[in-house]
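Shared between the two complexes below is chain A, which pairs with chain B and chain C, respectively.
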Partner chain A sequence: MGTVETPLVATAVKPVRRASRRRRETLAFYGFLSPWLFGFIALTSVPLVLGFAMSLSNLTPVNLHTNLQYVGSKNYVRAYHDHEMWYSMQRTAILMVTIVPLWIVTQLGLAMLLNAGIKFLGLWRTLFYVAVVVPVVAKAFIWKAITDQDGGLLNRILGALGGNSHANWLLDHSTATLIMLLLWGGAGTGMLIFLAGLKGIPEELYEVARVDGANAVRRFVSITLPLLTPVIMFQLVWGLVGAANVFVEPILLSPGLQSGLGSTVPTDNITFNIYALQRIFGDGDFGYGAAIAWIFVAFILVVTALVFLSGRFWVFQAKEQYGK
Partner chain B sequence: MSEPTEDGRITRRKLLGGAAGAAGAFAAGSLFGPELAAALPRRRLSPVKIVVMGKELSQGDVAAFQDGHPNIAIELLQPDAAKFQAMMAAGQPPDIWRTQAPLVPQWAKRGQLLNLDKYFSQSDLLHPADLTAANNYYRFKNGKIGVGPRYGMCKDWSPDETVWINTDLFKRTGIHVPGPTDKWTYDDLWAIALKLKKKNPSVKWILDIANSYAWIDRHVMVQLASIGKSLYPSDFSRINLTNNPAAMAAFNYSFRYSQHKLDLGPENANPDGWSGPGFVTPTGSVAMTQYGYWFLGQISDTGSAKVDARSRLLTAPIWKGGKHLDPTITATGWVISAASKNPDQAWTVFEWYMGGKPARDRAGIGWGVPAQRSLFDRLPEKTLVQRNAKKTLLHELPTANVALQYNPYLVGLNDNTAVATAYQKYLADAAKGKMSFKDFMKKVEADTNRAIAVGKQG
Partner chain C sequence: MRLATEAVLYALVLVLAAIFVVPLVWGFFSSLREMHQGVSGPVIPKPAHWDNYRFAWSGQFAFTHYLWNTVVLTFIATVPAVLTSALAGYAFARIRARGRNTFFILMLGTTFIPFAITFIPFFWVIVKLNMYSTRWPWLIWGISGSAFLIFLFRQFYASFPTDLDDAAAMDGCGHLRTFLQIYLPNSGAPLVVAFIWLGTGWWGEYILAQLLLPDQLLPLGPKIAQGYYSAGQEITLVPVTLAAALLFTVPPVLAFLVLQKKLTRGIVTTGLKG
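== the complex of A and B ==
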């Protein structure tokens, strides 16, 4: 019996020790993860759910204790019939399809410039990136000064070239002004990501292409671009979400009637976010504003899903290629 | 028998569930914080905290108050519309907050303000008989402003329809400079504005109307009140605009300034966001501003003899066919929440700010007319502009005893009402001719009625 029991104990202890180690590792894993997880649940997930509940109510800043009611899908139906909401969605879509390609082209162009071994690399890298570290408020005020109707740099240049030296950029060309600011402020981060992507392309591929007589354009089209498609995909998704979420810049670029939430944002720059913000904090229409915010979430999800689906057709899949 | 390793294992599901529970408890705790705190035994030694959302009160003032009231601690929050909206919507308002006249009825109607009659009747510092008419904006009963219990009072006020002018510019243009108590009309103002613009093309901003239209509805309400008309029916169920020729005429009067780029409108935006800095700048980039007596503080604070000498306050222009009216349209002041857990301590802070040293200090600096008549002898009179402004003020006082009837269903928490927000929103397109004036007003009307409908839900 004794000879039989010994191996039984040994086999029972080993799994327990392994289990104990695995348990410690799991605890450590989730311990390190928990600050983010707690923040994500408490500050993102719970507010999202509460926001959805709010979208099904008639909550205003003054009716919590007097007449708060469940209104079902009424706010969503109202949004469907709200022309201004659709207009804000249209303006958001225009911003997305305009700024994202501009971002990608500019970021890739700057990254290739830095990757080409130009002189004073550090200086150029700093110059290209500096707009990222300047606070958005400062950037907007610099941009307002540049586009000022009376004596702004842009109008002076246009005047010197024989153009309209008195253009009201902030009002008559509000979306163009916004796009220029976003382009300037958003190019640096993407440039670094593209630069990392370019550094990851094996030099041998270019050498072989050169030996085969491929010129620079051919090398870019046949090597650089295909191998960068995963990075482009990332930038595309990131850019679309970022462009859809723009809302501080249009407020800061409003032509100066009031400030903060009272700013009179030009109609063409009222993006989806700003529209929701105005309904919530301007009208005090919390329920309706929350419904708009949820429609916005659905809109972003659909756009992102479509982009991911399209990726099957144009994003370079390294494993498959090497496997072949 | 199950595996020994399975019992104690922390699964992803368990951990996520636990974290969600903890986060939920945290969120719930934030919602029910005051109730939980109230249920717990309180240490009587710690001072009672009164949350005040307001400006014009420095940390130095707070420290001075707390020296004399060690049992009360003031937590001072800077005015932040979004934060305030969230606090109100969550049912956790500050104990005291700063507000303006058009916003008071929405809270008073819904029982969200503390009735202060009991406190006023027992106060040694604040006596209802001593309060100026501007304080009536903080009284409300059965849908009417100006009667019933007091829910607050103004920290100071101003006959806001008075107009500050740059007399140097008037003289240079050959325009007679009216005296501090002379009567004039809105037609006179229009003629002067056109002349100033024509003769002084370098002066970009001729007249700031109604705080760059943030107060446009209040301004129009004064014009209408002077001819016995109103923007709203007696039940406040809608705005009467496109069916109200008098209102259309009043809005159109201001709109003409935008069409001619005489104002600080979107077509002629001022980078400062208001006319204060431009009016007192040495070159004087703003010719006139309809801000009221309180703007004297802005002028006096420059310390410039030149700016003092060239600035003059004029009486409120008289609207066509109307009587001379000059009530305050702001009446900035304080209210106390009906939900305050410590109303007595909140009143102590309120009484100190409104009737104590801060009130006496405010009375002498020109940033508004004291809320109490007994403090009028402190009005500043050192300089010529201050003495002239006092003459204008005393002349206007009898015309200031009017409480405009603001709509209690407009529940915005910014200083702008929904009317002003809509006006500013469509003004640029209308001024550029992208829509007719009537369509402009239709849009303002639609937006306002939508806001009233929202307000009526509660």
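== the complex of A and C ==
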């Protein structure tokens, strides 16, 4: 009798215990997540919904209680016909397709150089990385001093080489100046991530390839590059999102005195973000600014989704086998 | 042949390192020029005008006042964020619950949302909550953590050996005690990465402070961005502004130099490489 009773009791108790354990786990999970969840709701979800509602209205800083109206798709139609908006989107796209490849090539190149067994590795790594921790305001002033029309380092070098020693970089080559700053200040972190990726490739693979007579180029193309494709994908997506969101640097690089929200930014450096913010804080046109921002969200989503989808054609899948 | 390759290698590293360091050196040289002179004159200014640094420190505004503001904002936005991000990272890596994957994807998704779309309504809410011109938003950002750091901690904790938590579970430890007594004390590497990244980011933050804070509470970023001017306000004192910008750069660079070994090791061990 006793031998029959024991399992009966056990089966009666077990599910209850499991259910309460699961409930405890769920409670712990959401408890641990609650600070982030609070931020997710307060800083992201609510503003997103509010922002979408704003984009369908004629909201300005002053008309909330007077003549706030639902205007349907009017702001979006207006954006469609707004040449300046399309121009800012074009400038953002140009920035994305220039800086991201430059970043990846520089980061990978530096990482490979550091991984080639050189001495004083820590010193070189520090020198390549240090620009990353320089505050953006200092970065901008340093690049203003480099690109200064009268006596800036760049014009001095150009002059010494027989070129134009009086180029107005901040105004006439504003995007080139911006790209130089972004490349200098944004390469370090990716370099470290690529370096970690390179260290994860087993040395035996290279040895086998060497025995098979593969030269350096062949080893790079057949081993290094394929095994790094997951890292490249990671850097590509982060780079694209980062480049799309470039915002503070053009404002700080604008020629002349710092005034307001980038009212002196050269047209070529007015990115999508700056254009939206100018409509909002410059013109007080909340509704229109929010509509532009939503178009921007759609743009970024489409670009990153396409990049992710393209991954199935070029990202090496068996990374678990070789990773770390 | 081997020697030649090596020579090329070192030459290349040297040239590239120079390219990366020259902007800082140029900024430093230019900060020592005569203050009304802009950046013209010999490459290495003679005599060096070290008094530019004194002017940057107290000539136009009390540097220490804004330095303190920077310290406070960086602290309240960074310290809670690193802790809550570690907590969330642990939850995503170690606690099984319904909705975990959904929230993980949502969390990563937030990093794709551009600044402009959330800032405008956020700004409006901040004004409605009477938090405009206060430091409260920084604490809110701090408490809510950072998606990038949560991802960092999750990657790190997911590769953490589980035998430790089995032992802890035997001893009747709940998740909170397991996290506080086992995971957090062993998180040196990602903690360093998190503090450096988030801390230097907030230290140099410009736009949010510029949009939300009155002069009295401004951190050094937007304060220095206003520039230094000659007595009649007619010209920018470029060398002095550069001196201030470099003084502002010293703390994050020092923090990086002290922690840089741990930072690189942290990036390797957290498996951030995708």
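In this text, the second predicted complex is superposed on the first by the 303 of 324 C-alpha atoms of A that agree within 3 Å, B and C clash if a C-alpha of one lies under 4 Å from a C-alpha of the other, contacts with A are read in each partner's own complex, and residues count from 1 in each chain.
To be clear about the criterion, a contact is a pair of C-beta atoms (placed from the backbone, for glycine too) under 8 Å apart; a residue touches a chain by one contact, two chains touch by 3 or more.
Computed from a predicted structure; not experimentally measured.
Enquirer: Based on the superposed arrangement, let me know which partner A:213 touches: chain B (first), chain C (second), both, or neither?
Expert: Once the two structures are laid over each other on A, A:213 reaches no partner at all.
Enquirer: Taking the superposition as given, does A:66 touch the first partner, chain B, the second, chain C, both, or neither?
Expert: first
Enquirer: Looking at chain A, does chain B or chain C touch a larger number of its residues?
Expert: So, of the two partners, C touches more residues of chain A.
Enquirer: Can A:273 be said to touch chain B (first), chain C (second), both, or neither?
Expert: Second partner only.
Enquirer: So, A:32: does it touch chain B (first), chain C (second), both, or neither?
Expert: In the superposition, A:32 touches chain C alone.
Enquirer: Figure out whether A:170 sits in contact with chain B (first) or chain C (second), or with both, or with neither.
Expert: first
Enquirer: Would you check which partner chain A:58 touches, where first means chain B only, second means chain C only, and both and neither mean what they say?
Expert: first
Enquirer: Report for A:19: first if it touches chain B alone, second if chain C alone, otherwise both or neither.
Expert: first
Enquirer: Quick check for you: in the superposed arrangement, does A:162 touch first (chain B), second (chain C), both or neither?
Expert: So A:162 meets neither chain B nor chain C here.
Enquirer: What residues on chain A does chain C touch that chain B touches too?
Expert: The overlap between the chain B and chain C interfaces on chain A comprises residues 26, 30, 37-38, 42, 46, 50, 144, 148, 150, 257-258, 261, 280-281, 286.
Enquirer: Over in the complex, which chain B residues touch chain A? Could you list them?
Expert: For this pair, the touching residues of chain B are 3-5, 8-10, 15-16, 19-20, 22-24, 26-27, 81-82, 85, 88-91, 106-107, 110-112, 204, 212-214, 264-267, 269-273, 411-416, 418, 421, 424-425, 427-429, 450-451, 454-455, 457-458.
Enquirer: Taking the touch rule as given, give the residues of chain A at its contact with chain C in the complex, in rising order.
Expert: Of all residues in chain A, those touching chain C are 25-26, 28-30, 32-33, 35-40, 42-44, 46-48, 50-51, 54, 110, 113-114, 116, 118, 122, 124-138, 140-146, 148, 150-153, 156, 184, 189, 192-197, 199-200, 230-231, 233-234, 241, 244-245, 247-248, 251-252, 257-258, 261, 272-273, 276-277, 280-281, 286, 289-290, 292-294, 296-297, 300-301, 304, 319, 323-324.
Enquirer: Across the complex, what residues on chain C touch chain A?
Expert: Its residues touching chain A are 9-10, 12-13, 16-17, 20-24, 26-27, 30, 38-41, 43, 80, 84-85, 87-88, 90-92, 95-100, 103, 106-107, 110-122, 124-125, 140-141, 143-145, 150, 174-176, 179, 196-197, 200, 203-204, 206-207, 211, 220-222, 224-227, 236, 238, 241-242, 245-246, 248-249, 252-253, 255-257, 260-261, 263-264, 267-268, 271-274.
Enquirer: Give every residue of chain A touching chain B within the complex, in rising order.
Expert: 12, 15-16, 18-19, 22-23, 26-27, 30, 34, 37-38, 41-42, 45-46, 50, 58-69, 144, 148-150, 168, 170-171, 255-262, 264, 266-267, 280-286, 288
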